[in-house]
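A, B, C, D and E label the chains in the order they appear, each numbered from 1.
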Amino acid sequence: MSDPPVPNESTPAPAWEPNIVGFLCNWCSYAGADLAGTSRIPYACNVRIIRVPCSGRVDPLMILRAFREGADGVLVSGCHPGDCHYIEGNYYARRKFIALKQLLDHVGVDPRRLRFSWVSASEGRKWAEVVETVTRELLEIGPYRYDRDGDD
Amino acid sequence: MDAEYYKLSAENAAGLFERARADYDVVAKTRDANGNLVYGRPVSFEDVAFVDEQPPMSAKAFALPQNETLVRYERGGGEIRAETPEAPARDLLLFGVNVCDAAAFDIIDRVFQWDYLDDPYLARRERTTQLALACTALQRDCFCNRISYAEDGVDAVAYPREGHYLVKIQTDNGRRLVERYRNLFAEADGDPETEITSFLEKAGTAKREPLLETAQSGLAGAFEHADWEILASTCIGCGICTYTCPTCHCFDIQDEGGYVGGRRLRTWDHCTGRTFTAMPAHQPRDRQYKRYRQRLLHKFWYYPERFGPVLCTGCGRCITHCPVKINIKELVEYFGGLSDAPPGGRRHAP
Amino acid sequence: MARIGVFVCWCGANIASTVDVESVAEAASRLPGVAFATDYKYMCSDPGQKAILEAAQEHRLDGLVVAACSPRMHEPTFRQVAAEAGINPFRMQMANIREHCSWVHADREEATAKALDAIRMMVARVAQSEPLEPIKVPVTRRALVIGGGVAGIQAALDVADGGVETILVERTPSIGGKMAGLDETFPTLDCSQCILTPKMVDASRSEFIKLYTYCEVEKVDGSVGNFKVTLRKKAKYVNHELCNGCGDCFHKCPYKKIPSEFDYGVGNRTAIYVPFPQAVPNKPVIDRETCVFFKTGKCRACEKVCLRNAIDFEQEDEFEEIDVGAIIVATGYDILEPAEMAEFRYGAIPDVITGLQFERMSSASGPTEGKIVRPSDGEEPKVVVFVHCVGSRDENYKEYCSKICCMYNAKHAIILKHRIHDAQAYLFYIDVRAGGKGYEEFWKRACVEEGAEYLRGRVSRLYDENGKVIVEGQDTLSGEQVEVVADLVVLATAMVPAKGTEEMARILGVSTDKDGFFNEAHPKLRPVDTATGGIFLAGACQAPKDIPESVAQGSAAAAKALGLLTKEEITREPTVAVVDPFICTGCWNCVTVCPFGAPEKSEITMTIDGRKVTRPVSEINEGKCEGCGLCVASCPGNCIDQRGFSDDQVYAELGGYLERLRAALTHE
Amino acid sequence: MRRPAADAMPPDTEHIYEPRLLRVTGLAEETPTTTTFQLAFEDGPRPDFKCGQFGEFGLYGAGEATFCLASPPHWEGLEITVKEVGKVTRALHNLNEGDQITFRGPYGNWFPYEELKGKKLLFIGGGIGQAPLRGLLWTCLENRGDFEQLDLIYAAREECELVYERELVDFEGRDDMGVTLALDPVCPGEPIPGWRGRTSFVPPILEEERPSPENRVVITCGPPIMIKLVAKTLIETLGYDPAQIWTTLEMRMKCGLGKCGRCNIGSTYVCKDGPVFTYEQVLAFPQEF
Amino acid sequence: MATIREELQAAVRRLFEDDKIDYFLGYVDDYGHTFPAILTKDSDLSGLTFDRKSYNNLAAFLPELRGSRLGLICKQCEVRTLNVLAAEEQLEREKLVVVGVPCPAMIDPRKLSADEAELGSDDPALWQEKCRRCLERNTPTADLFVGEKISTPTPAEGWPLLEEVEAKPAEEREAWWREQMSLCIRCYACRLACPLCYCHQCFVEDNKPQWLDKSVGAENNLHYHIIRAIHLAGRCIECQECSRVCPVGIPVDVLNNVLSRDFASRFGYASGETAETKPALVAYERDDPEDFIL
């Protein structure tokens, strides 16, 4: 369902824009994104942010669900290793991400569709760069469709 | 109607396949990318597999798909718009399917026609014509020879003979098929019924007593039998037996999508699964053997009590593919009082 | 029934100049579950808040979405507003359309679309939000201080000063810690013991302080406000109730050559001993490891001499469980074992000693009664080399700076000069770090007034020759190779966490940093908190510190503890994990991953197939749960959910966004 | 294939799984987790239904769930009472007046009104189990003259779990029916402060009141354990014939049409052959519900 | 010389006679199949056997019999499973009598010809892949060993099927998996046959929220298999039951093997070799290697 809207004949076809879901931990990455805002660092507006307490709260199920629901890309961002507000949540998250990444790579999903980043509360600029990178890459590889309607 | 008999030469069988492809959506046995046998849509006669072996999945999905959209909906402007999907556009020919698969439709028609007509199923079912192919030998796990209903209601059955097929037409639907391609069929000679009987004897598919239908009364007294627990506790509760079964038809209705739009769909479900009857804070079948018992009794006691035929054509898939090789035939015999011991020897509950 | 109100803030022009707030509010009013939507110039202002209150009443709202700045900014504000409006504060969500939208996107159309998405997501989320009540936990009005060094003593005194009972636990026979062994202190050169011992005595006399020396923390259960702590009171073999501290016993003890821990081996002690003369309590213990009686079954000299019959060889370790509301950890530091750094030849050359050994030597009450001597021959050293950064700032050992060495090396150089007037001090240093009141002046004094020779450079080689220690190094200022023929070499070894810190961290359920020091909750803003509620840090267990810093942090930790303990009950965020016991399998993934020990092993009994079945299940201790959700994501059966960040809420948020895509597809 | 004529197609739909849309015209919060929805048919006339039947109600996007029709046929529209227990019920609870829900039905059998005429009726409801009884109860009250006697025992675990509170007050004020309200005892024998009714489980009330089986029919619905104990008391202690006791069975259902196989108990399809059964029938089932 | 069948029956009979166990979990053969059976002291033990078709990982039945004293046949697959279960505190080891057998390697049922003439074959080409990799054939941790010990052939290196799939270029690999996934009917036999999938509720059964759609389709099916593999990350002991039971022949264990191999090299994980290792996803090292996080 991630197809670009079918253009009406009267209006020119709008350029396709990737839809990206961002899971951001409350303490570092969400704050980093806040900092990007207060610093007025512009970046692409394709990411919709879901605030979670910790990157360790992110279940691979959520990521796959986002793809299933039509996201073209998913970005998960948390505190740098060692900086987790909850001490070690991001270490566990990292292992889960490694597993998920391995599997998606293996089954041939473009690795650029699922990105992870460590963005601290002081890294507003990094946040902007991450969003820019992810958006640019997705623009290159286009919309995601696996088998969106396994219907009938 | 009374049965009619025709001859279809091997050559004409190919011709029938080719011509039918213009008029029908033709489904036949073929091989998938992995080389596994499936019911698919071969594009040429050469791709059709003429073997006794059954594909793992029966043909029921062509009338009762695993996913079936019942309603599509959209919300907008304060209104809900719902529409039902179009009925299938083409007639379907099940070409050379196993008799046990073809026979299943007539059996489950009964519940789908009971009182309320199940339109989505019937819309597909009514456009289906079966030209089944009789097996040349009973396979390891098959027991169609123990079920009297196992050919009834099949539109047409082809019995492979030397260089031709003897085709037995059993329904009006079958007769329409022959009439449509009448020049490919020749009148059968000799005594086709006798020929078929001896074919079945040779193949081992002729009926053999005691038929499993006779277990019904025994099963009716065996609900509380202590051995269910020990014999059915190896059941792991997967859906293989029900999903591969040509007659299992239980389903679930769920919505997929969101507020703005989506669909209400029916998906296969299985009584052997632990969520099937689970309600909030209440699970009537709280152990696996009870769920297995339900499947067996539904097939051999409840369904015949209500609708006549047993809910089984003896295809044996549920034995072949069962991860723990539970043998429904033997358990019906055991709990139905037709045999003294269950498979693998008695295993009394402590 | 969801009746959600959406309030779109202009934030003056901050949002409104980029986001079409009016059309956003209009579109929001048509979202499912939304009963009312509006926009306003400043939602956080008084009139803005009032508008929410009025709308809540008029439209019988039961949920709020405030589309404005970051929730990190105003979530507390609008939660308060929600509460005033009779709406559960946890059914209020902020859609961040300023920091995450208007401030970073220039295109009005795009920003408007993104703002509306953010609102959709939050509306969907609120619709799935359970009302939550803060968790209230009663508080045990008692504190535990672990570690009786100066930081711990200060913390205990300050908590006690607040009228709260404090238990001070020290694992050695006396409180006082490292500071009790120091000679004079920088930069004032006042006598360490003179300033510390009064505090030690105060601690022992305070009616609110219970002193447990020779005692270790065995186990900590419970959570903020209500910890259950098991203490192991090690057997002293001396009944301190009876003992009057006369000292007859240790004078009579035949076994006198035990290197004294307190003196870092510079002096000796007996098997029954008081670690130092000013010890508190000033009563001896018997060291089972070295006592002859425990080895051979014969001796009992102390028992014979004790007139009070205080010696009790039958004593055993005792366990005591105490309830406390707060814990202050002040377990201090040790020095990096210099023998591990072979290049400094410690242990190989007797006249290479550590700074702490030098302290004991120069201390008037120490084993040499203040005389600085060469351990090899007891002679007075004339040339002494002090080596900075031994193991500190060294990528082979510890990357960090141990912070106090520059100052105590300067102090040692000065003391050396004071005690041995014709002695010459050489100091090998990388650079001198003297950030502290009077510190810069102090090391200059050593340099200028006391004639200490500072050589900038690392020591490259140490070896002994003819009873001297030859120290080779480079003076990077002159660029010349230097060789000093020294009588004595003093190593300023790195400070490391006290032995057992790792074990203590495990017992407490708090984390340590890469160097093994305890982790503070926030390096800037919460330097004395740990991530675990109710556990605070003081002194060098958190990082290398000097005395004034340790004391300050002791007081700070005390203030934190008092702040907690003066409450009748504490409220905690209710965004805790919750287990569905009926489907929990007891795989203990949650127990394994939780950094806070919140999931606990429990059992449930249920009837299956007519039989009672007891199954192991996990249960969340709400008092310990910090709400990270790690267990939720680690539960393979989705048996755990998190209130306030539930799977349903996240799912709804996802749907709230991706609905737009469906809408686009259907040309709505 | 054989195709018999259908005799029970639901009106106004293209196929049997296509629901109609009902408008929510009113909401009444019964308990913090239970709400009664008043529903109106806007796409055509309301189908005829009888007391005891049920329907499949749902919300597009969330799915369908089974609820008994909780209002009597002589009232306008339709009411259902929904307790929040899962995905669908949660979604329903998020609805407001004016929203639309899907409906298929009415399905299932019903209480045999004609058979009940002239009898003494004793309704025993437990918790949310009052909902299936409510339609019949109001029908009987509307035609009070048809019945010799009318009594209601209604019990709930806690006061806040009583549904239809305002109607209970109304019933208590009537002189043509007997009403006993009861809450589960927290501490046996101790009254619950502020509670106007009794503090007892239902069986002790029956043992005390001893309603004679003569010409009486008991209609009960509630938690399975309550039904079991009530029936036991009536049969074993008070001498009722199991055929005198009527109840409605709760089984997980999906289609409501006797197809999906979910509500099978033996060869009985609860959705078609039930949900109303006499206790005599219930005892004859394979015991797994 | 007694056959393994006779020895086994005698040993189990003794266990019952000595009242050591309440149930015995073993294999019986009949109607051309060898299948798992739960036996009691009153059972007819004449069907009890152990052969090259004793496929099932019997540890999968432990939850059903939890609380009882139990004897079970353990080949190396079960041994490794028990180790994982012990590490996860799911095992009542003291109630178990582990009956060791010399495992002759299991025939790959997909390679088994119809007449089963090759059942006695020692041709590794007919074995299941796991058996070619097997390190131990004689149940070293058995409480009771039945039969004669056999030698363990040199285990094969590598992961043939996984490597075959991996050799495909990314696009082809995606197409291949999409094809495989479109075959899946989500009968969930792969998880239910798995001795380590012991949750009372599987994520696929959770509908609050419904993370995974109930409808089948390549993407939904893929997501199911990915999460299943993740839940087995560092736990899977490669018994291949998931693949063996698949009615449509998807080699689902390849996904498990992706993680087994990766976790072995990345984190040094070898699941099931000891009873102490915690599952890989509930453990971490501060410097877990990865190269993809921005």
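A few comments on the model shown:
We take it that contacts are C-beta pairs under 8 Å (C-beta built on N, C-alpha and C of every residue); 3 or more make two chains touch, one makes a residue touch a chain.
All of these numbers come straight from a predicted model, not from anything done at the bench.
Counting only chains that touch, the fewest steps needed to get from chain B to chain E is 1. In terms of the stated touch criterion, the partners common to chain C and chain E are A, B, D, listed by label.
Centroid distances built from C-alpha atoms place C farthest away from chain D. Of all the chains, the one whose CA centre sits at the greatest distance from that of chain B is C. Annotation: 49 Å between the Cα-based centres of chain A and chain D. Centroids built from CA atoms put chain B at 46 Å from chain A. Averaged C-alpha coordinates give centres for chain B and chain C that are 68 Å from one another. Chain contacts: chain B has residues 67, 252, 254, 257-259, 262, 265, 281, 290 touching two or more partner chains. With touch defined as above, residues shared between interfaces to two or more other chains in chain A number as follows: 59, 61-62, 65, 69, 82, 88, 92, 96, 150-151.
Among all residues of chain C, those that touch two or more other chains are 32, 514, 582, 593, 634, 638, 647-648, 651, 655, 658, 662, 665. Residues 514, 582-589, 592-593, 613, 616, 634, 636-639, 647-648, 651-652 of chain C touch chain E in their complex.
Looking at the complex, you find that chain D touches chain E at residues 86-87, 90. Looking at the complex, you find that chain E touches chain A at residues 165-166, 170-178, 181-182, 203, 211-213, 215-223, 226-227, 229-230, 233, 255, 258-259, 262-263, 266-267, 280-286, 288, 290, 292-294. Interface residues of chain E, counted against chain B in their complex, comprise 22-23, 28-47, 56, 60-61, 64-65, 176, 179-180, 183, 185-189, 192-193, 205, 210, 213-217, 241, 244-245, 247-249.
Those residues of chain B that touch chain E in the complex are listed here as 32-34, 36, 56-57, 66-67, 140-141, 230, 233-234, 236-240, 243-244, 252, 254, 256, 265, 267-268, 270, 273-275, 288, 319, 321, 323-327, 330, 341, 343-350.
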